[in-house]
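Shared between the two complexes below is subunit A, which pairs with subunit B and subunit C, respectively.
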Partner chain A sequence: MSFAEPVPTEGKPRGRLRLPGRFTWPLFFLVLAIAIFIFYYLLTMGYLDPSVRSFALKWFPLVSINEALVWVMAALGLNIVVGYAGLLDLGFVAFWAIGGYVAGWIMSGFFDKANVNILGNPARFITGGIHVNFWIVVIAGAALCAFFGVLIGAPTLRLRSDYLALVTLGFGEIIPQVFHNGDNVYGVNISNGTKGISPIDPVQGLSISPQGIKFGSLGPFDHLSRYLIFLVLTLLILFMSLRLREGRLGRAWLAIREDELAASAMGVPLMRTKLAAYGIGAVAGGVAGVAFASHVSGVLPDRFQFAISITLLAMVVLGGMGNVWGVMLGALLLAWFNSTGLPELGTTFNSTFGTHINFPSYSFLIFGGALVLMMLFRREGFLPESRTRLVLREPERTDVEALGSDMEEQAPELDVMTTGGKSGDEGVRP
Partner chain B sequence: MTASTMDVDTGTPLALRADEITVRFGGLVAVDKVSFTIPGGGIVSLIGPNGAGKTTFFNALTGLYKVASGRVLLGGRNVTGLNPSKIASLGIARTFQNIRLFGLMTAEENVKVAMHSHLRSGIFRTVLRTPGQRHEERTAHEEALELLQFVGIGKVAGEYARNLSYGDQRRLEVARALALKPSVLLLDEPTAGMNPRESAAFVEFVHRVRDEKQVSVLLIEHDMSVVMRVSERITVLDRGTKIAEGSADDIKNDPRVIEAYLGKPQEEEDPDDDR
Partner chain C sequence: MTSTASALRAPQMALRVRTVLVWVAGTAILALMALWLIINFVHAPAQFFQSAVYGLRNGVLYALIALGYTLVYGIIELINFAHGDLFMLGTVFSAFTLTGLGLTVPNLTGWLGFALVLVLAMIFCASINVTIEFLAYRRLRRAPKLAPLITAVGMSFVLQFIGQQWNGSTPRLWPSILPRGHFTIGGVTIDHNVFVVIAVTGGLLALMTWIVAKTRAGKAMRATAQDQDAARLMGINVNRIISFTFAMGGALAGAAGILYQQTVGTTRYNAGFQLGLIAFTAAVLGGIGNLTGAVLGGLLIGLIQGLNDGLPLYAPGQAWSQSVVFAILIMLMVFKPTGLLGQTVGEKV
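Presenting the complex of A and B:
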């Protein structure tokens, strides 16, 4: 794929249109998204050479690109909490799980006594269950996550950083555990326990195949259509992140991240502002949860592990906290590496050297190593916010100047007192 | 306007009135039943030796510390025990002894943060960027620039606060505090680190702030030349209690004040030896 060419920003300005640097990465992602679509459209239609086709399916299968988009959505949500507002959240998987189970509840045959269909799966063989249209489920999942975000946040956000991280860690464990054991809550089955809920209804959309484009339920191999749907969701979350950052709320988040006490003394209500960050982040997490549930057509409680929270955090930190473009880059790279890159590299390695190393089982070792290296050599992440880069690279101006400044005359008030105030009117000479 | 919100001496309405404020840290009484008023449009100072409880008193007024007893009235409204952010939005703005700007935000953004409580746009209006939100942001931008120009740092509006010089950072703190549109402005050692010329200019500046922004000013200050020239009334704290109050001349000659600063005359230490 040769489209990874961002618009040159440092090129020579030979009367050509030069874009300001801040457009580089948005344009890069736009071009990338369109290129992926065109490439896979051609591939699906069978226009591409078989060798190109097998290379692409091996290294960049669309199914793992779609999964990466789900990670991007969740990482963008976590970025609002961690990157924008500076609240360390180690339990973000909770919202992913809640979003997933919302899809499980109202987009499947799980509640088989009910028989509701709201613009949902039109398949004739379905008898029971609640079948709601995917887009409505997305909104419902987002809303429920916002509600839980505020509910969880209200008691915990009063805590200061380390304690907050621990409590969120707790909630990240509790909520999946509730679903895990939720097959008998006082006689009511809310989650099917360890079996999880599946299948989840197919999404209604435009199915693209060599036979033509038609509207209907997407089958398990309609990855290209799901790609478009996930792209729309990602764009919505991205748009929300960018817009909020520009406004009143975004400034308040930054201020809290910088200096909580000063922010409160400047009239920023701490609880409300933090809750807003938490709630909005949870919305993105919920959308990701719904998307993931429909991507794998099911929810399993064992999937919602602590490792997901940590991976998301690694995406945000490696990508560049607070900068949506960096976070997207980090999420895409790590998700790809996890799902495709590492197994395929491992296979290539094993077949080249005749070894039998199970590379995917070392993923966290490699992740950990990468994180350590990043912290040593590029602490601000791949694509940091311009302001964050500043704090890690340069010492604060007044700090440095304090080293060289001759301190002002101490306690000049003694002057006034000893002379009965006579010199007070002329000012104190050092 | 009730009598409790009027100044006894001048009959002008009070901007702020603190009644018998007590602040405790464990068994330690940091501020002990200090009563204090700021007349509307006045400039008053709080002085005292190190550890006298000046900043603690400040923090009690702004809600950063919970008061053990006593009450704070802001223009007749009881603000005791409210959140710092609530008190700030009701009209008590402050600067900090050690500058506490938002270092990684530009000067303009710093000022806009303090406008938070005056702006209305919520999540939906911001995401949709409604005409109302855009108008609000434009106005905020203009007001922020105006404030920065007012304190004399309009040229660095786009610079990160941490990159500003020390003097500009102090000015930015004042601009940020003024963005709250306060009725009372508390300045905690604003001339720390300034040379005498800058301090003298600062006296002018405080008068200008008071006159043009219609605020009452309370200063904590160590530089006596500034205190004596700027204050209409001075309150002296020592070890958490108020030991004197009055005009600059009263304070200069008050034996208890001299004692607080220099120790008792009968003790061995000669005041001149301190220098």
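Presenting the complex of A and C:
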């Protein structure tokens, strides 16, 4: 955007309202979110036709939409690390786990010796424990994750990119194991071990049901109000991602991603910028962790597996690294596919053709295959950021030098770059 | 004038303080580990050696897998995430082939069958590895580093899927056809199959060293690892040499697979992920790209893991096995990213 030529002055559009291009996607997203809310509001109130209702409950249950929003939050966080700053993080699940356990610690009856209540809302039949308000827990989880992000980043960010991936992976394995074995750390119980922590205090909000709307703690079936809460959190992270991307820090990230040495030569402080990416990405991971813990009302250590890190990575890669909207699309699609789409497609397929194929067991193949195929044939993702596309298609300088004119056929994009670039997706040029 | 001078000196001072700090911390950690080993050795020498023997047996297998990582990294600078899962397919393949051939009893036929299936498993894994390279990594050789890395992760999932469909999602128990029984020296029990593992591994290592050091293909491999373009100019078929390297790594993974299946006795579809990571840690510990280093690292990691699992005093124990290995990986990255035998290589501009 900032590198584009000056926008030619256009005549004022007459007759109808024209929005600048950068508002298209946010508006689209907002409209979609509100439409979903209205649809499910009508559904909950029982205004809709039973066939529409059963279709919606079968293919798009609100639970899986809520879960998808949690995935969106985490994927947006990973996007800051991988998509913006270009640091491969294979252990993002660690932040999710830390966020979840923060909720487990200070939003439940886990520490039964203590009896603290800060604007909290203890679940019924729970005595003792620390009960803190959900929104404060979100902030606490985010803060702790940022601390851990910086802690793991500080000694390792000097490493080469592939080593960094390994270290984050190791971190992502250690943290869940700490929680897994945490029921007896030298005699101290920090996590209840494999049993996990449950129940977690219900969130307070507007409980919407055919009986009316009232303010109170949300039960396990108040998906619509939890949808609103998760939407707010998602919007916050979305806003943060978008604004950071445009600012000084965001431009520094992009510079590092594209050429670390050149960025450093231009005076970008490498360590500080990378650490910021780690910390801020971890914040989103922590928020997702807290949200997920309240979504399922508990934390279980066995849930935090490597597969989650990979699924998040697949969301970022599939959607389009660096482009917030692409990542969001990828996260929504994959999360829906994982939780509802694949099993439902399987049942439909099996009942139509009379087969007995266990479709969910194919998720490994689908995810792995998707990653490989995307990398081979559409490295920039479904909704690429125009800048990412060029970078991912760009051959390394040494290769260009070594191959000389051979490169002309292999990478037609190179011509585009040397002739000044064609108009990207931002559509500023006529 | 003095102020500018001191301002210039400040970062240098910081750097020096940092170096000293890192050195002190690293030495302290090593000293603590040595202290822990000595305490345990004095307390229970028999248990110490017993854990060491188990650890070294695993370490030999780690070394075989680590060699696959290090060979591939040495030649195309790719962390082949799928390598651990290739090893897993090796375990599943050998288990099903041995049982399919009716070889379940440890007798002469069984041992001959073991030799046969060892070769078959090596060929099997080598061909899978070459196929993966041909289908995926080769097209991405000129791509930025992130692309082949993500592809390798995807490939690892695809291989896990194959293993899951083949082996089932629960672990399976298999009979062993290696010589059973054990003997005892001074309270330390040593299984007979340890010798088979060491003999097979030793033979393979010797063969591999010979190939890399003495043959034309090995020479071409080393040349390609140093500079692909220059190697191409010298008339080396770089693609074929890279395929050959993948075949070698795959064959070693296959051998490790059958040895693991025969000594541990179980196959799991997700075994490859964890063992692969441990083996990768071993490769990094030794200095990635360095063949001797990979073997040394594998033995060391196996030893550390065995001691951690088996020692009575102040050991975190088996439940923390993974964490210990990964903590070593992280500390290694902080204190000595080049590994024990590796050389400092700057990032290419």
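Note that the second predicted complex is superposed on the first by the 360 of 430 C-alpha atoms of A that agree within 3 Å, B and C clash if a C-alpha of one lies under 4 Å from a C-alpha of the other, contacts with A are read in each partner's own complex, and residues count from 1 in each chain.
As a working rule, a contact is a pair of C-beta atoms (placed from the backbone, for glycine too) under 8 Å apart; a residue touches a chain by one contact, two chains touch by 3 or more.
All values reported here derive from a predicted model rather than from experimental measurement.
In the overlay built on the shared chain, the residue A:194 is in contact with neither subunit B nor subunit C. Using the contact criterion defined above for the overlaid structures, shared-chain residue A:372 touches subunit C, although it does not reach subunit B. In the superposition on chain A, no contact is made by A:348 with either subunit B or subunit C. Shared-chain residue A:362: touches subunit C; no touch with subunit B.
By the touch criterion defined above, A:261 reaches both subunit B and subunit C.
Within the superposed three-chain model, A:240 lies in touch with subunit B and out of touch with subunit C [touch as defined at top].
Of the two partner chains, subunit C is the only one touched by A:90; subunit B is not.
The intersection of subunit A residues touching subunit B with those touching subunit C, taken from the two complexes, comprises 261, 391, 396-398. Of all the residues in subunit C, the ones that touch subunit A in their complex are 77-79, 136, 139-140, 142-151, 153-161, 164-165, 169, 229, 273, 277, 280-281, 284, 319-320, 322-323, 326-327, 329-330, 333-334, 337, 347-349. Subunit A contributes residues 82, 86, 88, 90, 155-156, 159-163, 165-167, 169-171, 173-174, 177-178, 180-181, 260-261, 306, 310, 313, 317, 361-362, 364-365, 367-372, 375-376, 379, 391-392, 394-399, 402, 410 to its touches with subunit C in the complex. On the subunit A side of its complex with subunit B, the touching residues are 239-240, 243-244, 246-252, 254-255, 258-259, 261-270, 276, 280, 387-388, 390-391, 396-398, 401, 405, 408, 411-418, 420-421, 423-430.
Contacts from subunit B toward subunit A in the complex involve residues 47, 62, 64, 83-86, 88-89, 93-94, 96, 99-105, 109, 112-117, 119, 121-123, 126-129, 133, 136-137, 160, 162-166, 169, 176-177, 179-180, 192-196, 199-200, 222-225, 227-229, 248-249, 252-253, 257-258, 261-262, 271-272, 274-275.
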